[in-house]
Each structure stands twice: as C-alpha cells, then as structure tokens.
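Per-chain residue numbering starts at 1, and chain names A, B and C are given in the order in which the chains are listed.
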Amino acid sequence: MTTVVALAVGEVGLGVVLQAGDWAFVLRNAEFLLLGAGITVALTLTSVLLGLLAGLPAGIIEVYGSGAVVGAVSRLGVLFRGTPLLVILAFTFFVNPVNVGAFEAATLGLGLRSAAYQSQIFRGAIQSVSEGQMEAARSVGMSQVEAIRHVIVPQALRRSIPGFQNEFTIVLKDTSVAFFIGLAELLTRGFNLFTQTGQSTAILEVVLAVSLVYFVLTVATNQGLDYLGRRFAVPDSGGER
Amino acid sequence: MSTEAADEPGEPATARGSVGVELGRRPLFYAVLGPFWAWLVVRWVHDWVLAPELNVTARETFFPTASLVAAGTTLRGAGAPAPVAGLLDWLAGGMDFVALGVEALPQLAAGAWATIVLTVVSILAGLVLAVPLSVARVYGGRAARYPALAVTELIRGTPLLAQLFVLYFGLGLTQYVREVPGVGVAVLPDTAVVVALIGFTINSAAYQSEYIRSALLSVDSGQLTAGRAIGLSKVDAIRHVVLPQGLRFAIPGWSNELVYLIKYSSLASFITVRELFFRAEEIGNATYRFVEVYTVAALFYIALVISASAVMSYVEGRVAIPGLGGKGRR
Amino acid sequence: MSLLRFEDVRQSYGAEEVLRGISFEMDRGDVEVVIGPSGSGKSTMLRCVNRLTEVDAGTIYLDGEAITTPDTDVNDLRRRVGMVFQDFNLFAHRTALGNVTLGLEEVLDYPREEARTEAMAQLERVGLADQADSYPAELSGGQKQRVGIARALAMDPELMLFDEPTSALDPELIGDVLAVMRDLAEEGMTMLCVTHEMGFARSAASTVSFLDGGQVVERGPPARLFESPANERTGEFLERLTSLHGGEQ
C-alpha cells in the first residue's frame, strides 16, 4: 500500500497535483466503490465456477475422450483462447439472441473463456498423474469412470491448484473488462465517479483507489488459495512412481 | 504481499495461459493463413502507397460484393413454394452475411495494422525492461530486489484496463505525449497509440520479467559458479552464461505473452486507439450488423494469434540447443 | 480342473511379436514363478491375464471360463485377479488404509465401517497396521509394496499376479516383501509371479517357467530346473543370474 502511495507521489513531478480534497471525494464515495468491488467479487466467483464446471469435464474429455468429441472440444477451446475477451463479451451481450443482463452476459463470457483455459490446466494435471495409477485402479476392478473419479481426478485437482490460482486472479482482473458492457463493477463505478461534472481533478485519485482495491483482492485471493492448497495437501514425493 | 502462484523454478506459475494450438502438420491452417497474410500485405501497401489520400472508411474492398447482394435479392424474390423459399431465404442471409464481412475488410485491415504495431512494439520494449527487472529479482541485492518486486507485483496485481485508465485519464499522458516531436506525423503513431504503447510495455515488462525470472531460476546454479571459476565477473557470467540459457527456457512463456498482448491490445479501444476491435465496433455501430462484423473481427484475432504461435514455435525450434529446454519442456 | 490355462496365446506390439504362442496351466494353490531375460514377454504375459494388455490370438481360461472374449466383464475379471506392480502404483492421494478401502467401497460396495475393518485386517496380514494413516510418500519402498499386496488381497482374489514386485526395492527392503509372499503361498493362494528372486522360487514355487523370445522354453519344478536345466538357453540365463545376484539368499 505504501508503494502505491509512493508511486502516486512520484507522479507529482509530472505536474499532476494530488489534492487532499480529491482523496476526500474518494472517501465520500467509498461505499459506492465498495459495492462495485462486491459485484467484482461476485462476478469473479460465478465466472470461475462456470469455468470449473465446464472446464473440468472438457479437460477430462481431452485426455480420455475419443474421436469427434475431442476434436469439437479442443476446437472450441482454441476459439475461446484465441479471441479477445472484448469480442467474447460483444457476443454474449450484444449479439446474444437471448436477452440477458450485463452480469449474466459477463459471467457467460468470462466463464466460458475461463473454461477454455481451465480445461488446459486440468488436462496437463491429469496427464501428469502416472499411467500406473489408472492401471492400479483398473486392476482392483474399477471401471474407467470410477477410476477417473476416485483416483485420477482427486490427484489431478491437487496438482492443478497453482494453475487454478493463476487463472482465478486472471479472471478477477479481467472482470474489469465488463466495463465494456456497462456492468457496474469496480472499474465502471470508478469511471462513473470521475466523469461526474466537476470531478475532473479527482480522476487520478479515483483510479488509484480502484487499482488499490483490485490489488488487495488479488493478494487476498492468492493468500486464500495458498491456504486452501496447504489445507488439502497430501504428502507427495513429486508423483508416485 | 506476494501475488505469486507458485515458486518452483520451471513451473509456469505466472503463465497467462497458452492457446494450445499445435500447427506442425496442419496444412489446412497454412492454406488459410497464407492468403490472409498475402491479402493483408497487399491491402496495406495499396492503402499507403497507391491511395494514401483516401480516408479509411472510404476504402473499397478488393472483392466486389454487388453480385452477392444482387443474388441474395434474386433468391428472396424468386417466389418459390414455402419450404424452398425458407431455404432460399437462409441462403440469401448467408450471402448478405459474407457481403457485409467483405465490405468491412479494408477498415479491419487498417485496425489489424494498429493491433500488430501495439503488440510487437510493446512486447519488444517490454523485453528490454523485463531483462534487467528479472536479473535484479534473482541476482540483485536488497536495494535492487525489493523495488523490482514491488513494481512487478503491483502491475501483476491490478487489471491492465485500470492501468490504461491511470495513464490516459488519471495522469492525462496525452497532454505530454502531444508535445513530443514526430508523434502522429505521417505513419508515426498518434498520441493515444503512444499512451497505449506505454501502458502495454509496462504491463508486459512485469509479466515477462516473471517468465524470465523463473527461467533464470531453472538454470543450474553450477553454471554461474562455473562462469565465475573461469574468471568472468558476476555480471559477465550472468550475461554470457546464465541469460543465454535462461532466455531459451523463457520462450514458451514469451509465446504466451505475445498471444496475450494480441488479444489484450483490444483494450486500447477504450482510450480511443483505432485498432482492430475499435474498427469493428465502429462498423457495427454504423450498420447495426454486429454479428457479421464481430465474427469477422474474431476470425482476424484468431488468425493473428495462430500466426504468432506458429512463428514462436518456429523460433523455439531454431534457437533450440540439444539437451537444453526447448520443446520437451512444458 | 485347472484354475488358469493359457492356450496358444499370442500378442504383438506393433510389428514386434511379444508372445509367440504361450500354453500352460496351473492349478488352484500353485505358485508359478516366471523367469527370463528382459524383453522376453514376462510382464506382457501377466498383463494379459487381467487384460491390461489384450491378446491377439489364443485364449486364456480362468476357472474353466474363457476370459479373453469380447463379452467378458473386464471389471469383474480384475476383481477376481489381484495384481501387484513393480513400481507399486499406490494411489498417491490416499493413506495406506485409503488405498485398501477404495476398491472395497467402490467395487464391492462395502459400507464404510466394514471396509475399514476389512482393510485393517489386510494391513495386519502384511504387517503394516501401524502405518494405516501414512500416505504413500511417507512409506519406504518395501512398505509401499506390502500396501500394494494388501490392496490386491482385499478384493479376495482367486489368483494373484506379481509383476517383478521387488525389483524397484533396495536390497535390504526385499526381505519383508518376500516374507509376505511366502506366507501367502503357504496359505494356499494361487500365485503367478514374475521375479528373479531365486531363493523365493526355490522355497515357494511349485513350478518355474523360463520365458525367452515370447515362448516358454522350459518349465518344471524349481529344483529340477535350477539344478539340471534341459535347455541350453535356460542354463546360460541361470548362470548369468547367479553371478549377478550372488546365488542363494
């Protein structure tokens, strides 16, 4: 936090004057901004969840599926990973034949794109579980589905925590792109504040305050997922071989 | 105060995620990408050299669409019985779709140029900043390490769009950039583009420094020792022994970064940069044909992204050294 | 009737023929030890029995019933045939106890408590009841392998397959695993073992097969086969093996 202030103070030399009154403006509107932060957090959670629900099966299919299904899943993945989020949101909000609200459209866009990335995280994690695990599970008489469910996925999920953590923070930061479709999340609210008439001197203060909230959220997310990773950790000598 | 996901060297802990297209033996991709690039280059040369005075929106497509539109009209007016008429209508719709997409091409080509400039300049400028940043993180003393850490963490912990807002709205960088001689003259980028370039460069430098940092950490520590043992100074040993190996390890991360920048350069449209997405949106607003124009824009982005992946995997193959990182690495 | 019967079993991996017509049978309670140079097809032969590898031609019968047909219930077959792997393949995310209970709960539908009781009994049998709550990464190689044996035994198999169970172990850890295998043999378990532990073969095996080039070159009681091999290749192989392992245990 001190660094952010230092960064801001450093800019004074550029001729931008940070006035106490402008920070007071930010403080007066703290509640308005924090409501936006609430929407940012909610959107992150719904999007990551949708990404998980679609991405995990997609990752499993890419490893264990066959034929046309794999082709379709991996092509869809390339489509979502190769297109900017802005374009995806344009489709889920403006082009979408079903009339949905900005929050739903943002969840759909962020969630499907996240699914495309999460599928790669899970695919890699599944492939890193040794083949012997599947053989051992099949050898006690489990079906392939049972083996995937009880032996492969539990191990793969643990191994995908670092990648998942990374993906989580990417989604968190990218919720700001929902500015495009007018969703009143944190950045949009900041923009609405400093574009009010007479507040043009407080622009920097507002944007820095908004950035600080994002930063705190990112750090908190990482700490939280770190804790989760430790909580579910299993002694592992780097892959049972 | 760490936003790092995992710290094991070699783990792409801070990866922005790769597209995951393997191109090697997929001639179909090349059959599409080849003509796409040929057309882009011809288009650019034509617009700058042959008709430079023409406004972007006034440019004509190379592929006349009048016949397509006429055919569509004929199909609709054919007055065929019900089931056939439905089919003909559908066909006509497809022709309109293609026609509008084709008409958007000249403007999208201009946008694609801006997108490519944004991407290439900021990844290269970002690399120039990222190398010292990462070396400071890995080999620097406290005085170098902590500032470098603070900068990378702050940038990686906040959204790129917020950073663009800080530069464009918050600091009003345009008013300073405008004073710089040469900006906006002839083919040189105008003020908003320069602000976007500054933003992307800083942002990309932070991410690239993370890739390079974990790549440097994955270079065997004995390499530095061996460098020192033959009498190189620490700086020289880092420069001649560690960096050449580490930068090769960083290539997969660098490919991701390139793809990431191609896509995220679209955010520059919010600060009025007329790149690919901006052009698409503009056409959409003028014609209300959002489906067509966004579809064509999406295809442009995918073509750019896939081309970038192909180039990077070629580079990776070219600089590979037997037994050192390269394609075997994740 | 024999418990396990191979009838002209053939298997190819790509262009390479791994098994070239294997035929033999073993009765309930028999302990068959298979020896042979690497690449001779020993592991493949074992893996055909529980169909981790599919045969290309020929038939394998378990308890008189063909198990290499398309309509065989593979999961049921694998429940009836236990397998112990060279590299253990313990489920890394589960404790020793969890490794044993998983099959009981998911395949045999034991209620949780009964699965636990049964699994503890199996761990007791291999001398590892005190390590029930350890994760695989916290166990020594010998302990891991004994958990692997307990995991297979818990399914109450009619036949146990051992695929070089001690070759990934440090020499001082081999003894514990072999002791468990000897106990099993004495209890009357039918066992098909790929192993080069001559001491074990001598004391516990009812029959030893020498496999080379995908064929059973020679087969007989251990004493006969080890003392006076009829085939030249068997003799050569045994000589190399003895000089390598320093002979008797």
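As a convention for this text, contacts are C-beta pairs under 8 Å (C-beta built on N, C-alpha and C of every residue); 3 or more make two chains touch, one makes a residue touch a chain.
Everything numeric in this text was worked out from a predicted model, so none of it was measured.
If you sketch which chains touch which, the chains link end to end in a single open path, with no loop closing it.
Looking at contacts between chains, the pair that accounts for the most C-beta pairs is A-B. Rounded to a whole number, the gap between the C-alpha centres of subunit B and subunit C is 56 angstrom.
Each chain gets one centre point, the mean of its Cα atoms, and the points for subunit A and subunit C are 48 Å apart.
Inter-chain spacing, taken between the CA centroids of subunit A and subunit B, is 20 Å. The touching residues of subunit C, when paired with subunit A in their complex, are 50, 52, 75-79, 81-83, 85, 87-93, 102-103, 106-107, 135-138, 148, 151-152, 154-155. Those residues of subunit A lying in contact with subunit B across their complex are 3-4, 7, 11, 14, 16, 74, 77-79, 81-87, 90-91, 94-95, 117, 120-121, 124, 162-163, 165-167, 169-170, 173-177, 179-180, 187, 190-191, 194, 203-204, 206-208, 210-211, 214-215, 218-219, 222. Listing the residues of subunit B that touch subunit A in their complex gives 1-6, 11, 13-21, 150, 154, 156-163, 165-166, 169-172, 176, 259, 262-264, 266-267, 269-270, 277, 280-281, 284, 290-291, 294, 297-298, 301-302, 305-306, 330.
The touching residues of subunit A, when paired with subunit C in their complex, are 130, 132-133, 135-143, 146, 150-151, 154-155, 158, 234-237, 239-241.
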